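Below are structures written as structure tokens.
Next, two complexes with chain A in common: one pairs it with chain B, the other with chain C.
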Partner chain A sequence: MEEPDSDNANEIVVYDPLMEHHALHAHWQSGHSLMAFASTDTLASVDQPRDVSQHPIYLHEIHWNREMHSPVARKLVNESRLVFVGVQQQAEISGKPTKSQLLKFSRNYRSILQSCFMELRQKFEGSEEFDEELEKQMQLYSMMELIWSLCEILFIENSPDGTVLIQLVEWCKWHFPVADDYVRLCYNADDYGSPAQHPNYWPAIYTLALQGRTSEVREMLKLHPAFQTQEHDPFASIDELLRKMPIFSYHQSQSTNEFEMKWRHWHDECVKRFYGGDFDTMPNLKTLSRILCGDEGIIQELTELYGSWYQMLISYLYFKNPTISVSELHYHTKAFIDIFGGQSELGPLDRILLAAFKFDVSQVIRECCKHLGTWWLPTHLADLLHYCDLVPLSITESGTNVREHLIVEYTSSLSNFDSFWPVVVDYLSFCGSLSNHYLGLFVQRIPLSSEKKAAKVIRICEKRGLLKEVESICRQMKMKSMQHNRLGTALSWCIKANDSSFAMIIADKMLKEYARTGLFSNIDLIDYLGSSVLMSESLTFLGKYRDFHKLYAAEKFKDAGQLLLNLLMSRKAPLDFWPSLLMDCLPLLERNNLIYDVEETTGLLACLNVLDQKQKIFDSMTEIERENQEKKMKHLRLALTNNLAKAIVS
Partner chain B sequence: MVSVINTVDTSHEDMIHDAQMDYYGLQLATCSSDRTVKIFEVKNGTQRLLTTLDGHEGPVWQVAWAHPKYGRILASCSYDRKVIIWKEHDGHWSKLYEFNDHKSSVNSLSWAPHTLGLAFACGSSDGSISVLKHMGDNQWDCQKINNAHSVGCNAVSWAPATVPGSLIEPPSNSYQNNFVRKIASAGCDNLVKIWCEKDGQWIEEDKLDGHTDWVRDCAWAPSVGLPDSKIASCSQDGRVIVWSSSGKDGVWTSKILEKFEDVVWHVSWSLTGDILAVSGGNNKVSLWKEGLNGEWTCISEIGKGQSNSNSVCD
Partner chain C sequence: MAECLTYVSQKIHKIRWKPTSTTIQKSETFATGSYEDLANSITIWGVGHMTGVVNQDKFEVADLENSQPRRQCCCKIPGDVNGMEFANSEIIVAGLSSGAIYLVRLESQSQELNVQFNWENLHPYGGSTDIAANLPEIVSVGEDGSIHVMRIDSKRPLRTFAHSDSCPITQVQYLNTHELCTTNTVGQLRIWDVRSPTDASTRVMSSSETLVALRCVDQHPTQSYILASGGSDGCVTLFDIRKECSPLTKLQIHDEDIWELRFHRTSPSYIFSCSEDGSVRRLNSSFEMKALSLGGSNIDVSELVPKCGSSMNSLDVSGTRMLCATDAESVYVIDDVI
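So, the complex of A and B:
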């Protein structure tokens, strides 16, 4: 990684010819973006001569934390979301995840990082041209994996007695394949006859030894032409030391004390043989034996071969103090940092690792925030460590604790990417007591591009009790449907939002449409209204009228007739709908069996008379429509009189 | 970390004064000294000019989107003493309402939080602030705060509509009535003032005295549900101040974020209220963030380069 700590790392320059004479202004957009433009003092500009006309007027859209938008980052975001939710659910079920569960989650995160890295590497190797961007990303991912795995060893995995060196040595071996590189070079070079002739033969042996890989060192040594197994041979002597080196592992049934005794004995033997002059004839073996003795001086001598202070620190402790506990590590850091030029020479990665060696979790998180340029690692790490009780709650002035603060940061780095909205919702849902407020702010910003999406958002809001937001979304969707003249959809949104006054407007609109065209566009919706029809009178009427259609279709003419009559007599129907209702009586009147008795028929006639007097409602009709209407009314009157006669006779 | 991802030629014929993205980040409105307001569609990082709104007779200072639940509504204010409310219907924009009751340039405009209904406040160089509320049917009720700032009002900003302490107590049925209606305003009298609506009247609740020259802008931070409030203000004197109040005793404390050498024109909060963008001062736009220890630090800067070439990107 480049040096992001320099002064201008977080500075960006916008080029615009206009800015030469004018100030730069910026306004927030959604998420992590700003709009910048050249502008001038509002009041002065009015009177100023316009010197800008020769330049185009530009707007510059500025984003940061764009890393999250690459295809690989999207994979990282989507996959780690599942792990994150898993952690939170586990915490909800059992109060706090156990150490082994946390370790499993931590490994899940790490394997995601690893697979992202592999994907990047494949792409990098597959592309014909050198891709700087890809290389940078690869560096970032491998660095994140390095940091994460160290934190996992030190903070999460540490065994009950606090010993960590075995894991740390493994960590070195896994992340810094220096030794393997040397070994490969030795084996692949035919020019030198045998590997033992290769100039990298001894570096390979030293680095293998520094990484604690004693059996591999022995294999290498056997390739040396001078290797003999006689008793007083220096090779035989070092081989024996290597073979007998005790390895501590918590998992073997071995107490620390027991191990220490064995180890001390072995160490003394190394020192004795070194000073006894066993290796004096072979300077290379002498060097190797100094490594085994844990000689600080040799470590310094080998720095050029082997890399950084933390690798050296681990090698040194492995041969000097293999049962050291996590809490003691930091006593030794300073010496090795000094070898490498002291504190001032430390890069960002060094500082993050140093904080980890010092067991300063807050500092690790702070440094990661500062230097990684992505919120992914600090957020997820802080979350896990929070469940290890390692992240201090540290309520700040702004009232948020570290974990929640980071979650908000992480989600806002995702929020200007629309397809991440379900991810953002998931994270904000687990953001402590402020979850709902953050969610409330966020859901309003989700573009409601489809009915399905709106329904999804609403479901989430309802689950979280964000009722105001639900109402607001329903209202927006209703307005949208109204604008596109989709009355049925609009009505369903109204019902969801419990907006009776607007439901009435829509119901009236639907009735008017029916009165005009004889067709209901969304009549099926009425069937599903249920108790919602009681929300407004128009809706009630609409529902009843729909019932009439159903009764008629089911050939229950008597019931249908009664319902229709009720609708008219109760004056529930809007007046301009009466012609349609009365016309609906016509087929009933023309049936053989009598449906309306005298009184009822008289009532219907009275309705017809009322309609005759209110000519106003015909005003809006065209000439032909009005003629048709009059013809219909005439026909109806005749049918009603006939029915009356029939009723009287029967 | 920071990058210019897109540069748009706005086709404005004169300086832009404001650029605002709508709630969803789908449409962008700009306004300019060329007396027009332009609306762009933003899709996959590209902008397409949708329409140009003519109607103002002077430079347009600010544009602001209303909450989408009221439909697609945009307000603009101008040197011509007018505020115009624009509305889209079927893809067509038209003037919905024109407010011209100010005697001088209208410098700033701010929509009320959507939970308070469709309402906005505007501040003018005539020293007064108007608060307009939609009463239905395009009828707007206007309340005026006369002499809010002597010499002139430069900026207005609504407080978020949270109920104080809503986190602690569960929302009740009388929720709606508990919303606070407050406005912060910045003026040429070197003051930031807090106005509060009580029994239908706007009264001066507080006077924040900390600048030694005209206060150019003030911005109320979005709330995350805690009872405390934050306001950022910036001034001709080069100072940027963050005012905060715990909400309990109503006392505002100030913290000088930075004293720049030059005028600071604008302050603007990010959506979650955690980063403050400061325009001006050192000819840059700087982004400030409150650390976990309560100290404000500059996390990023956007400077300007004067390239001789015509390249405008990166």
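So, the complex of A and C:
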């Protein structure tokens, strides 16, 4: 367990007048943030009196690692998400992506990094003032691309013996344009006459040679006045050596042995010409030939032309042992690191690249996590390398998978921002065996700010089989609607969640409201429930009751009467609603045509009797209401008795 | 078909072409409204002529250098932009999640976007979900089931249908100067008359037995009795409002919710739809009612944008060019869609 690094701790000062006398308290929030406040319960020191002044109490939100929300970072996050999902889907289809597919994905990631860098650079160059933040970001992105491209060469491409150095030389050429800078200076200088007279002429040639760019060296040499007059043999000699330098080409199906033989032959020729004094007249050409011979001494002399130990390493090996394999690279690293000041001088980038040369994948990932300040690179790199079978299964104490751990960390850094929630869902879906568990936890923390968002989250949960979470979301939305007295909306959520018990509660509420006010609040929904009305008995009752009203409005009195009778007889109605139902009989009874026959009227009277006995309904009413109720019941009894009489007679 | 994809670093909820003075003129400016951001905004973009270049495989691809939309101006908005329309070529109206309606003016000379007017707190619960404009009137609908009709120069709403829909309303369209149609989350398409004294809708049409939400609706440009609406089940439902209440026909176009549907203004045999499944599809039909109701399949469906990995939230078509915006903070500009 590592000790907390006090040198690297970040400090922030919180200004608050209350904190002169009270202690600072803080609570963790989700993501990288804290809420700090002055706690009036504790005192900063024992002798200070409690501050009872009128200072308002402030809540300070402190957050860090918010760089994932800059516009360029958002582009990175969204574009790379597509590639990430593509990798996972490919793995699902074919078990494991092939090397060429992995290479394609790796190049996709790199091109995203490059386009982000270009955008930053455009902004940087376009702004009038020096923006330190932008510069830091540019450095970060170019560093990430550098690391990624090296890892791509060493781990993903993992070329057969003999070709890795060619790729590394290319890598140097593209990422360290020191030679191009010199050449450009030479060509741009007007006050020196010809480029050959520029003081940077020979450094340009040396650096081009060190980067293995022999044809460009030849071009530069041709500019030398001595070359043009062809007076000196040294130029012709070196030109020939440069021209004949064998370059291993994998595509020409040349075997390594064949190439090695050719190369050794060429190398011997270089050495022979050097010792033969071919270049003694021109010290600069002598230096150049020593480079071609792979002379170790020259490395020491030209140290200042190299930017770093890794460029030196690659140059040296190119002229000493061009067919070296990937696994042997690290034997040579120590020597060059020592030249540049030893292990203690190594910066973060150096450590990461060293780990890569040592072919220690887990060390690369560890160093990236420690030094880069963003989880993006280690997460995506580890994911890709996982499919190369290079990432070891566990480095953490809890035994979690490296890849899974990194994905969770990355998504934590994104979950600070509400807008990234679909990205987090995508990453968590593919993080391993515990995907559904993490997803379930995350989904519950997504703020459901609108119905549309809730619908989107539900759709995602349904796709991944997180049915419990769907229920939970429906419940939340339902409760929110109830709080705002939106019974119809709450009912629609119940139906979606198939929650018949809550549907019953809502239906009962609606009925109570009708009983109280005589108005239905959500007819537009009830009338169009379709088959969902069967979900709960109360709801079915409500639907049928509305049908009764519709029949009555359409003047189908006989049918309406029958329906009403049915509702009472079947005892489906809640007891508190019986008074309303029975009162609904009154207008029917007062009609001229006989709606109810003897049996039916008797049944209704029986219901009235039952009601009389159930005193508890009347307990909740006030005096006036009770009086009214009794009057109504009397009236009803009278009407029913009259109807009975009519029915018997007819 | 030339296509250009740009990452804009904002989740776009609505995207709209700026209307041009004539129909032949190609629109070169569009507006986007963002959501779920720390600071939301409405942004105006310009897109140049999309040239096609022939690449080495002999396929014509868009010349990306010149085709990338360029940000022209933007205006900060205090809330998610849930509904946005160009009321005319200079005025944009936006309905926000805070329940406010904002009226933003685009100054063509100075290329500035300024808030000209706003109505606060019209939808206190749930915010506004959509907005439609038929100057001088603007109508806004919300999650609280209310409809507010405003006049552009007056602070108080002209007409309010308070909580007239039991469920959240998802989209609103003007059918003519006094009639509106709305869709809601239980699959109902409703017609409202602004002049009506009661708060109830004049017609209610249900699209399905199982209460599948309807997310969007659009009216046929010439045959105004035809309405097309998109649902949460990925189906496009066609209604003929002259007939009885049940829908005319239902077509399964997408796998997931259809967020936006547009008839092409000048070639109305085309409907464009975009969906949560990330694709944009185009229906081609003569919309002969008799043939449709008999189930005659004279409907052609083609895919303009394959599933792009995240929800396609909004689209708009003008002439031969289409815009679409995704949840992956990107915008597509596609040419030659018809």
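Just so we're on the same page, the second predicted complex is superposed on the first by the 458 of 650 C-alpha atoms of A that agree within 3 Å, B and C clash if a C-alpha of one lies under 4 Å from a C-alpha of the other, contacts with A are read in each partner's own complex, and residues count from 1 in each chain.
Operating definition for what follows: contacts are C-beta pairs under 8 Å (C-beta built on N, C-alpha and C of every residue); 3 or more make two chains touch, one makes a residue touch a chain.
Please read all numbers here as calculations on a predicted model, not as lab measurements.
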Contacts of A:408 with chain B and chain C, given as first, second, both or neither: first
First, second, both or neither for A:318, with chain B first and chain C second: neither
First (chain B), second (chain C), both or neither touched by A:29: first
First (chain B), second (chain C), both or neither touched by A:82: second
Partner chain in contact with A:38 - chain B first, chain C second, else both or neither: first
Chain B versus chain C as contact partner of A:274, first or second or both or neither: neither
Contacts of A:492 with chain B and chain C, given as first, second, both or neither: second
If touched residues of chain A are counted for chain B and for chain C, the larger one: B
Chain A positions touched by chain B in one structure and by chain C in the second: none
In the complex with chain A, residue positions of chain C that touch it: 7, 9-11, 36-38, 80, 82, 97, 125-127, 129, 143-145, 163-168, 170, 185-186, 188, 200-201, 204, 206, 208-211, 213, 232, 256-257, 276, 308-311, 327-330
Touch list for chain A against partner chain C, complex: 69, 71-72, 74-75, 78-79, 81-82, 85, 417-419, 421-422, 449-453, 455-456, 459, 484, 486-489, 491-492, 495-496, 521-522, 524-525, 527-532
Partner chain A, residues of chain B touching it in the complex: 1-21, 23-26, 28, 30, 32-33, 45, 47, 58-59, 61, 67-71, 79, 89-90, 105, 107, 114-115, 125, 167, 222-226, 228, 263, 265-266, 268-272, 274, 277, 279-280, 283-285, 290, 292-294, 299-307, 310-314
Residue ranges of chain A in contact with chain B within the complex: 4, 9-20, 22-32, 34-43, 45-46, 50, 52-53, 56-66, 373, 394, 396-400, 402, 405, 408-409, 412, 415-416, 433-434, 436-438, 441, 444-448, 468, 472, 475-476, 479, 483
